[in-house]
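Several structures are given next for inspection.
Here subunit A shows up in two complexes: once beside subunit B, once beside subunit C.
Up next is the complex of A and B:
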């Protein structure tokens, strides 16, 4: 088995077999349950139309996925360095690029686990309408680059900063700033500052595409500009992660 | 030589950490790297194995430069770092199997069991590593370092956390590796007992500089730190010439002051004297030996 697959499997094991990883997945399930319950059970929220509910769930899944990616990304570099497990890995005859690619595979496994975990919640809030499939596909296609990009960013930050705690805090600040479209109201987003921020924000790229597909019933193919934008974000964060891991300990 | 470090300089964030470190280690040799906390021992190791960039000097591991040929070096290098972490959810066999695969080795489970048994971990091979004691982790770390049958083994405080029996077993393993398999061992430790038992040559680093390097015997001689003992006698000493490794300095009443050459095992020396008819009733270690040598080297340079 090649080294990249081996390391990706190990990273997957860290998430799916360790108490720490399972704890994070359980936390995500609890948060999704709370939001799901609110969307179907709360008097006001239950009056939202089906498209809006699926859109909201898409945003929540993307934000939680990015949060999980930041945690997993920080842990896979800064956490491993603090626990003393990174050095033995770097001292095998495996190139740093292969180690990084394996760890990126681990990020993909974490996001896949989170996505599979979210599917029943999508079904729970969207099964009564026509938007369930569109929502699930939009999150898979447009949410994945955003989520994985945050994972890569956290890995890069983890390789550059000296402690796992400061790496996690820095990555979370980036995440909070980027996720502000979820926090800002619609009127604030319409301001010039809000619009400028939207233009360079990967979260906005994904959310605007969800909006267009789920609420405005546009085709997914028509969202190519948003998709391209999220891919640029993915490429930039990947380059940052590669550069940083090659400098770790140097 | 499988490890040669000449005039090594390392800086971190613009601050010089190592100024001038030198050492050389041959096949089948166990070399002790000594120095106070913060002297630069771990930094030296990190630069030697290519984890840290160097600001100057030359490093050759098995004739190769770790900056340009890290993969070739790592394939024949085993390292047990001081901070030695594990994947707690894995079992010991899964862990070794994972690392073996990264070396493109695919040992059968029986082979892994043999390796674990050699380090006293046979009974724990199916346990998650999270349940291992510190000593068991240290043994598993050594098993990992040995997984690819390295030519050079670098050990940073390898006997930390081991009980006396575990330490003795670790010593025996290292002696076997160097004597019977030609493995060069760089041993970085604070435990001078380990050094005394295992190493023929040592290097002492103080504040990022090698202040002494060579065989323990030569260093003890040149720094006048031969092991000195007071021997109590219950009668007269026979008029027989003592072996050259034993130097009788003075004789005062019932007490005799004796220097032993650094290569001499004291137990062997006393046995020889008893066979020659010396009426020895008590022996006191007065000064000298590796501890005195270490203290004099590190104090003099630090001051």
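Up next is the complex of A and C:
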């Protein structure tokens, strides 16, 4: 079997089959469940429009996916180095490119697992409203570059910093900062600082596209500028990860 | 003589009745800014003017808002728990010729046709004084349905817990 696929399966399998990986997925599921239960248990939230709820769910799934990607990305490089398993991997007769692509594939599998896990929740909260399918598609299209970008960023940071703990902390701080539009109200985001931050934040790009598709019923095709923005983010973080990992391999 | 006695009795009765008559009047109206076709989740506001039209002060005034659903087959009083936090107003005294104006904000929780009324009583007044009715209709809005959320929100973590147990037994 191709070395890239083997490594990707190993990385992804760690998430889907190991106790630790299942524990992460369970934590994500519990967060989504709590959000769902809040929606039906709180009078104020239960009156939210379906489209608004699907939009919120899209934002939460993207944030959780990015969080999972940061954890998996940090673990795949900095974690392996601390556990002493990175050097034996580099000593195997596998090209460095294959190892790199395999680890990137593991990131994609982790996000795919998270996305599949989120689909029933999308259905549960949004099946009676508008644009549910378009919303799920836009999370797949725009959320994937954002989430994978954070995974690559965490891999790159993990390759550069000396300890897994400091790598994780640095990546988490960056993620918290980027995901702040989820916490800020629309009025704060409309301020000049908020608009400037939105203009360079890939998370905001994805959220704005979700808003346009799910709430404003715009077409997914019309979100191409947002999509391109998230692809630029993916390209930059991928380059950072490749460059940083090559330094480790040397 | 008999006619004079009768007229005197009538006069005494009218005089005593007017002495006991409730001098309050309650005027209820929907605020002009309310949405024309409200739906679940919208806010409505009602306004009352409670006036003392009598010659003496009214002590211990209490006014409260009531809501009833008047859809055919669903006639029932509505518990205002989730609808409004402003359910009553009190005043220690309302002087003759003065009025008490109150706003009654309301959050629309359920679809249906409703009738709202504000009632007022005073400490010594013998009768309850109701306002005129204001009717309104609340449109249905697609919101989250609990019967879909609960199985998913409870089921998926249980499935994952099961997977973890299975994995733990195998290892």
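Following the convention adopted for this analysis, the second predicted complex is superposed on the first by the 248 of 250 C-alpha atoms of A that agree within 3 Å, B and C clash if a C-alpha of one lies under 4 Å from a C-alpha of the other, contacts with A are read in each partner's own complex, and residues count from 1 in each chain.
Criterion: a residue touches a chain if its C-beta (ideal position, glycine included) is under 8 Å from a C-beta of that chain, and two chains touch if they have at least 3 such contacts.
Worth saying up front: this structure is predicted, and the values here are computed from it rather than measured.
With both complexes brought onto subunit A, simultaneous placement of subunit B and subunit C is permitted, the two fitting side by side without a clash. Set against each other, subunit B and subunit C touch different numbers of residues in subunit A, with C touching more. By the document's definition of touching, of the two partners only subunit C reaches A:33; subunit B does not.
Contacts of A:70 after superposition on the shared chain: neither subunit B nor subunit C is touched. In the superposition on chain A, contact of A:18 is made with both subunit B and subunit C. Of the two partner chains placed by the overlay, neither subunit B nor subunit C lies in contact with A:57. In the superposition on chain A, A:129 contacts subunit C only, with no contact to subunit B.
By the document's definition of touching, of the two partners only subunit C reaches A:117; subunit B does not. Of the two partner chains, subunit B is the only one touched by A:94; subunit C is not. In this overlay, which is a superposition and not a single complex, subunit B and subunit C have their closest Cα atoms 6 Å apart. In the superposition on chain A, the residues of subunit A contacting both subunit B and subunit C are 17-19. Subunit A meets subunit B in the complex at residues 1, 3, 6-7, 10, 13-14, 17-19, 80, 83-95, 249-250. On the subunit B side of its complex with subunit A, the touching residues are 46, 49, 51-53, 71-72, 74-75, 77, 79, 81, 83-90, 98-99, 101-104, 141, 144.
The touching residues of subunit C, when paired with subunit A in their complex, are 40-41, 82, 107, 109, 141-146, 148-154, 156-157, 160-161, 163-164, 167-168, 171. Looking at the complex, you find that subunit A touches subunit C at residues 17-19, 22-23, 25-26, 29-30, 32-34, 36-37, 39-40, 43, 46-50, 53, 117, 120-121, 123-125, 127-130.
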